[in-house]
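Take a look at the structures below.
Okay, so subunit A shows up in both of these, paired with subunit B first and subunit C after.
So, the complex of A and B:
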């Protein structure tokens, strides 16, 4: 009883058959749910890696600026548009309240993203596919992506990062083939 | 000094009673702050109205989160811990002066935190992730509050120890107090973690410490932020058992099973804090899976055991009270006019179907990718903490007003409607927000059109409709919460005094007779509900993983 100590013999009372069956079913579902995550690592295609490097904020920004310089093919709203080679690295810095570049990716090719922050924690949220990761200062988070459809994707920050948080939006462009990159209509940077 | 309750026959230590009362009063005050914040926030997020400015949106969001999730709930829990360790056991409040000290620390912490938020010195949201920086007094306020709560929790153990020593407790505690004991153990773990994370952060804010690692902060902070919600789960389920006893005379159909489930909470529930770090750098998949899976979901198993054990407690008692026809006659003839009872039933259904199912699925390593930091997460915890815990706490208050405050409940008709208003309102918010989350709408965001940013964004047009559902739910829940606050305040301060058992508006039913029930099953109706729940889980499980499987490949 919940207000008084239980009646004598409560410990040896047999469990009713419906309760027994329910516990057995629940325990089975729990185990399946648990091993499902492990099995997805073998058969599933969405398993974020855990490669991470500690890095100084300034050092990462240098890497990301050097990456922009090397692969820049244009500019949009003041943000460099970059075309990394497939299977190559993409260094992306989140900073109050902007993303450091607009990557142009080719469908069905792998890219190795390096995500880090120059100041506070940010969120890397790719829409409309709704794919979300954390971006922390001092950590280079290495994630490999293979886009499966062409189009313009928006990149939100979805971790509160100060009062300008609601203006932090970027873009990722995915094209069908390598050749299409040349045909993109882009503004050229004023000081290349 | 004791008084003997003329309704329950229990001996009530008056020094304990004052502490229960004062902590409950603070709970109501902090809930009022949270609720006023909530209605401002929902009309800001609905961009058709966009009520507050951006600065005030984030400021009120910080205020709402801390007052709703920490202050309201912990003040209420401390009142509950004193109640469970004195009144229920006929025992005394051993160290009332220390109880007042704890209370003073908690109030000081609460005032300091809210003052710093409202004066714009802590626009860092509830989680205050470093290196976002608030004024040092904000962190100091949280430390004071946590230390006060820790002291109060230790008093619970002191009371139990002396009750046992003085022969007030037999071989074991009553189930209600047993569950609270579990909540108190989890509270010690949680509040200590809070001190571990906030002390260095405080020193850093003072400039005495160079930096606090953001990954370390997130790891340890969630030991406070999530585990504190597990205190709520244990306290809430204890109240479910208590209300089953008071409203229909029910006792757990198997105490060993119910108690075993509580032990699973102590052992495994706190590690689940890891599900906040599933898309973080610096932690590996094995660590994520083991911890987010509560060690093979043993803590989820505990919740599923209670999901059967609590309704079956009610069903079995009702059947023994004579409602034996068919599968659901017992439910139809339950005391629906008792607002504590209806609160608990709505809380059980909401916690299970809205909060529980999404809690497990959103918290799996890979499916977290498609929900992390979307407003779907907010929708999930409206289901657990608000619909589950807050509504349960509101419900049990309808018993505490006559028994502890010795007042009749004013506007009793409104009190009977209140759980439904609040319950349906929060359900609509929860469903609305979860659906918005699936469409990618971020949480904690002032303007999802991104005006002023380099690009704009347009969501699926369905979001417009979903926002209307959410806002309607918000208005209904606001009215429900406000009704509860008004009923409590008017009853406690102006309600007619309770002179004896004839003034009880909520029945306290005698324990159901120990007749042997016919048939193979003890609670067949509950089993049907449980199977419907499981089927719903499977459907949601399938939909989420299907959705995940069509996004980009990730390695």
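So, the complex of A and C:
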């Protein structure tokens, strides 16, 4: 960019045809990408819901603990394994440096995840499908979710959250049918 | 110095300080202002869902 204005009268000069073509090309790319965003939002599968609520950290932890207590079916390394009902709500709290539960979901059933943090900003990264969302204290991020393949999925924190950040790895288990949940080999909770 | 005979848009676009101010202001309003509005308009967690979960 020049700090000096071009020679007087430049505004009235004819624009060269190659410049017009480049401007038209750039404008076309802009319009295509703009409308593609709108089309993807309408026709794309499993777009984020854009629903967020304000909630105090302590209140969300209370909800998360109540949810765990209601749906716990076992535990793994001290983390409750929970089986929420289909089309139900799943409360998941991120906290330095753990996830509050291991949800067991059924393939092709819808769930409503409520994500929040008890302390600092965390990231909710589900791998290997590569879903990434931010988890903020004071806000409940609502995510409608329908797993479409059975297996174990890792939940990583992908926002640096302190000295133990790299150890903050959780799990989501997706099973083929509701009956399979009964057959999971789980440690029973010590204090159910 | 530009003469007053030049077209209005030429004089407007030749003013680099005006372009600088517009460049900052437009993005401030569209990004920061919009973001602040979005944060301010986040609703509270629904009471009904809270009661159902704690039940």
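Details
Note that the second predicted complex is superposed on the first by the 184 of 192 C-alpha atoms of A that agree within 3 Å, B and C clash if a C-alpha of one lies under 4 Å from a C-alpha of the other, contacts with A are read in each partner's own complex, and residues count from 1 in each chain.
The working rule: contacts are C-beta pairs under 8 Å (C-beta built on N, C-alpha and C of every residue); 3 or more make two chains touch, one makes a residue touch a chain.
Keep in mind that this is a model prediction, so the values were computed, not measured.
Look at A:148: by the touch rule set out above, it reaches subunit B but stays clear of subunit C.
In the superposed three-chain model, the partner touching more residues of subunit A is B, compared with the other of subunit B and subunit C. In the superposition on chain A, A:139 makes contact with both subunit B and subunit C. In the superposition on chain A, contact is made by A:9 with subunit C only, not with subunit B. Residue contacts after overlaying the shared chain place A:63 against subunit C, while subunit B stays out of touching range. In the superposed model, A:89 lies in contact with subunit C only, and not with subunit B. Judged by the touch definition given at the top, the superposed model places A:40 against subunit B, while subunit C stays out of reach.
Contact with both subunit B and subunit C is seen for A:52 once the two complexes are overlaid on the shared chain. Taken together, the two structures place residues 3, 5-6, 10-11, 52, 139-140 of subunit A in contact with subunit B in one case and with subunit C in the other. Within the complex, the subunit A residues that touch subunit C are 3, 5-6, 8-12, 52-55, 59-60, 62-63, 66-67, 89, 91, 139-140. Within the complex formed with subunit A, the subunit B residues making contact are 54-55, 58, 88, 123-125, 127, 129, 131-132, 169-176, 213-215, 218, 238, 241-242, 244-246, 251-257, 277, 279-285, 289, 292-293, 296-298, 300-301, 304-305, 308-309, 312, 360, 364-366, 369-374, 438-440, 442-448, 450-457, 459-460, 511, 520-524, 526-527, 530, 534, 537, 541, 545, 548-555. Residues 2-3, 6-7, 9-10, 13-14, 16, 42-46, 49-50, 53-54 of subunit C are the ones that touch subunit A when the two sit in their complex.
Within the complex formed with subunit B, the residues of subunit A that make contact are 1-6, 10-11, 13, 15-19, 21-23, 25-27, 29-31, 33-34, 36-38, 40-41, 44-50, 52, 76-79, 97-98, 110, 115, 119-121, 123, 125-134, 136-141, 143-148, 154, 156, 158-163, 165-171.
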